[in-house]
Amino acid sequence: MPQTTSKISPNLETFANPKSERDYTIRIRIPEFTCLCPKTGQPDFAILHLEYIPNQYCLELKALKNYIWSFRDQGAFHEAVTNQILDELVATIEPRFMRLTAEFNVRGGLYTTIIAEYKTVA
Amino acid sequence: MPQTTSKISPNLETFANPKSERDYTIRIRIPEFTCLCPKTGQPDFAILHLEYIPNQYCLELKALKNYIWSFRDQGAFHEAVTNQILDELVATIEPRFMRLTAEFNVRGGLYTTIIAEYKTVA
Amino acid sequence: MPQTTSKISPNLETFANPKSERDYTIRIRIPEFTCLCPKTGQPDFAILHLEYIPNQYCLELKALKNYIWSFRDQGAFHEAVTNQILDELVATIEPRFMRLTAEFNVRGGLYTTIIAEYKTVA
Amino acid sequence: MPQTTSKISPNLETFANPKSERDYTIRIRIPEFTCLCPKTGQPDFAILHLEYIPNQYCLELKALKNYIWSFRDQGAFHEAVTNQILDELVATIEPRFMRLTAEFNVRGGLYTTIIAEYKTVA
Amino acid sequence: MPQTTSKISPNLETFANPKSERDYTIRIRIPEFTCLCPKTGQPDFAILHLEYIPNQYCLELKALKNYIWSFRDQGAFHEAVTNQILDELVATIEPRFMRLTAEFNVRGGLYTTIIAEYKTVA
Amino acid sequence: MPQTTSKISPNLETFANPKSERDYTIRIRIPEFTCLCPKTGQPDFAILHLEYIPNQYCLELKALKNYIWSFRDQGAFHEAVTNQILDELVATIEPRFMRLTAEFNVRGGLYTTIIAEYKTVA
Amino acid sequence: MPQTTSKISPNLETFANPKSERDYTIRIRIPEFTCLCPKTGQPDFAILHLEYIPNQYCLELKALKNYIWSFRDQGAFHEAVTNQILDELVATIEPRFMRLTAEFNVRGGLYTTIIAEYKTVA
Amino acid sequence: MPQTTSKISPNLETFANPKSERDYTIRIRIPEFTCLCPKTGQPDFAILHLEYIPNQYCLELKALKNYIWSFRDQGAFHEAVTNQILDELVATIEPRFMRLTAEFNVRGGLYTTIIAEYKTVA
Amino acid sequence: MPQTTSKISPNLETFANPKSERDYTIRIRIPEFTCLCPKTGQPDFAILHLEYIPNQYCLELKALKNYIWSFRDQGAFHEAVTNQILDELVATIEPRFMRLTAEFNVRGGLYTTIIAEYKTVA
Amino acid sequence: MPQTTSKISPNLETFANPKSERDYTIRIRIPEFTCLCPKTGQPDFAILHLEYIPNQYCLELKALKNYIWSFRDQGAFHEAVTNQILDELVATIEPRFMRLTAEFNVRGGLYTTIIAEYKTVA
């Protein structure tokens, strides 16, 4: 199963979808996302829920894990980083559908979740 | 990320939606809402669940927390205050969609939840 | 907030809907319903879940509690009493929508739930 | 509330629907179904979930309990017995809708659930 | 109930659907799937959730258990093996509908689930 | 199994302990206790948890159910009624040990539980 | 591993404890116990929890399952049958410690659990 | 049941223990405690769990509720306020035992609980 | 942190306890244990819970994982294999205390758990 | 409430125990601990549970949060870092009792928890 490194991010790699003639769904829960708050420099934590229908490529899991780790020292706003990750994953594998849900840990007594979707035009 | 204070309420502030070309959803759970019962003067407590699709603006979280706290000493009926908060948040950020769910604590053996929605005309 | 006593049941009272121009939902969980089995005279217990979209009137909660208590000494079949309560509440506030779900406690090893709805004709 | 014995099964009885002019739903959970495996003679156990919209008749609960007990010494395959019970209950009360879900206990490390529905033609 | 061995896999057997004139659903949860990672040779574990509407044949459970066990010593990628199992089960019983959900155990901090469906053309 | 009516309460009955030479424990959960508040006349509800080690007699369950029902129309303070029930059950069967836990439903935002024990002197 | 049939019950079998020099604990949960009520003839159901420290013998599981099934057509009071099963298992394997907990299904709104223990004299 | 106002706090009232000859336990869960952070002025929230063995007096519940409300506008450190409430309740009813557990809501990503006990010298 | 291979099992490795002057506890949950039933050849599955107080050595985790995998193709009775694993781990690191709990998956409707402990003589 | 910076770690601060004459317990749950694996450089995550009985000093929470964050870029073995944190906190406030429990996220299919305690000599 040869893997290809993404042009979008050097951390991302892909492999050929083994059943591209069928629409099927891949869900990946990633409980260990952490980045920094751009205002305060304090750590933020989130659980990411990724769901997609692959087209020609699937996301290689070990590389995906490294890609997620690459945010550890970056400043990132909740709304912006969720859309950025969705955009980079979409650009890497051009899926038929992708949704990213980011459940951030409580801050100031508020619990924030961001949900963003990508769909190909039918 | 410059912030703008709301004309609706001095407690509310907004920032520019970083991905306004996409419809995506922001959910905020706020477990610490408290106000006073207008009849008896006794404290009421609720968990608020806010969900919206931003248009040009998003709600700044620290200001939202202060806005929620501003009800601490106000008398408020369940049905009225839920609609009032929805109206003020809608007027502040003019979202594409917004829903507010207020789960009030038990009173007299009854558990009341109010759910109100706002949608722009398609 | 002046209240009006229901013509349907002296136990029920109403108040004017503070936001009648919007369709919004009120949910009330009532875990302490009890009546008597008409066959055996033995107590029955249920959790009631009421959900409605008010039109011009809302149900006053303290009166609703008294109305629910008024069944304590009445004989009532599961199916009949659920429909009777729905009918009386609908007649009292003429809502745009109302659903009553009655989860009765186990009897003879069987757990019975009755769900009845009222809708205005669109 | 006069009751009528079913022609389908002597164990089943019915009573007149007290609100036949309204479509409403009756759910009955029956956690104590047991029969015998036709292959091995060993006991099988299931939780039955019955849901129906009555037409002219409702199922009397005590008789339903006896009907369920009547399978205790019968050999029955999962798929066949679920459809048989649905057919007999439908024939007895001719409901507008009925669904029977049978969650069987684990056998050979596999957990099997059968879901069958009946609908009148609109 | 005569059983027929599948031409697709010698481990699979079928029996005649006892109620083929009705569309009904069979759900089977299989918590003990294990195979080997083709890259590392390390064991992988998954919970399989199978749901189908039978046409002329049903899956015999004891044979299904043996079929699942036959993957114990095989190398298998998550995406490929889920589609392979769905394909083999579909080819064996030609159901009206079938969905297979495979929840894999955590690997590298990531939790992966694959969901694939088969439908006959209406 | 002959039963004896209690001198303490006409609702209670006993039967001979079938294994009085062994200390063993009987737990009975009774989720349907209801009485009236002596101050307000409003219904109170509780879940009772009874645990005892029988000596010569056990509590007959159907009679115990009737005894619990006999409080339905009585005014009773939480602390007093829990101790009264314990005293009456102890006087009826003279057990080696008995504990009664009464979990009352929320009143005024407070959840009250009373736990009382009886032990024979060793 | 040669097995020995119990003299106490032909359904029970034992095998030699593989580590009799160590006190260790075996817990077996048996969710499918059913017998008949001696008063009414109606089925009763229970979950049995068995815990023991073996001495020279352990309980063979398949035989234990058959022993539990042998109560299916027997009339049995809750208190008596729990003590009887404990006595028969103790007589069969003479363990260092054994406790049997029988959680019976709800009857008449009451949930009964019986807990009986056996200990060798130190 | 005459009530006596506490000298410790005008909000607290007591009534005579109806069974002072027995050591029994009263548990009260109070989910609606709120005060202000002395450093920041921001609201704090906690669930209080009170447990005591009464001596001559019990805590009157409605007055206890008012006493808890009296902290709504007071600044209070977690450790200090938990010990203060325990001291005031002990001084009011001089119980044989009392424990107060205060579970504070998350602040700065940390969840703090304070547990303090009072015992009479044996 | 140099590691030492166990003489007991080539799969096990140890490292020096970084705080041997303190008694502290290490708990490891291992949800992926599988072996074969010696009677039937069918797979068995268990969740292992290991808890120990190290003396001079700790168990290296990656090697422990390989050791657990080494049972995949071995026939093993529940009682014997639990005691064997405890014995081999104790012989490898000579801890101050060790307990192994093995929760096996349901077989024949029975759920078995084995708990074995090792303690040094005080 | 004057605060004192710890000599042990510049991140830790203390304040005077407001009730040092009473033994009471402070529990702090810290779900956002992260460090790096010294072998692989990959992030590790843990939930810390701290419990202590203060003597003359308490831990200031905001400083404790900063102290916990200071491990974000440090390599740390599970066993060593748990004991190190306990030692540094004990040295800072010299409590009467302290226990630290560190629940690490799954690695290699294994879930590790470390529990270490400190007690003053009585």
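Letters A, B, C, D, E, F, G, H, I and J mark the chains in the order given here, with residues in each chain numbered from 1 onward.
Going forward, a contact is a pair of C-beta atoms (placed from the backbone, for glycine too) under 8 Å apart; a residue touches a chain by one contact, two chains touch by 3 or more.
Just so you know, these numbers come straight off a predicted model, no measurement behind them.
The chains that touch chain A as well as chain J are E, H. Taking the mean of C-alpha positions as each chain's centre, the chain lying farthest from the centre of chain A is F. The interface formed by A-J recurs in C-F: of the pairs listed in F-G, C-F or A-H, only this one shares over half of its residue-numbered contact pairs with it.
In terms of their C-alpha centroids, the spacing between chain H and chain I amounts to 46 Å.
Mean C-alpha positions place chain E and chain I at a centre distance of 32 Å.
For chain D, the set of residues touching two or more other chains reads 31-32, 105, 107, 109.
The list of touching chain pairs reads A-B, A-E, A-H, A-J, B-C, B-F, B-H, C-D, C-F, C-G, D-E, D-G, D-I, E-I, E-J, F-G, F-H, G-I, H-J, I-J.
Touching chain E in their complex are the following residues of chain A: 1, 17-19, 22-32, 54, 58, 61-62, 64-65.
Of all residues in chain B, only 31-32, 34, 42-43, 45, 69, 72, 105 touch chain H in the complex they form.
Across the complex, chain I meets chain G through its residues 38, 77, 79-80, 82-83, 107-117. On chain F, the positions that touch chain B within their shared complex are 105-107, 109.
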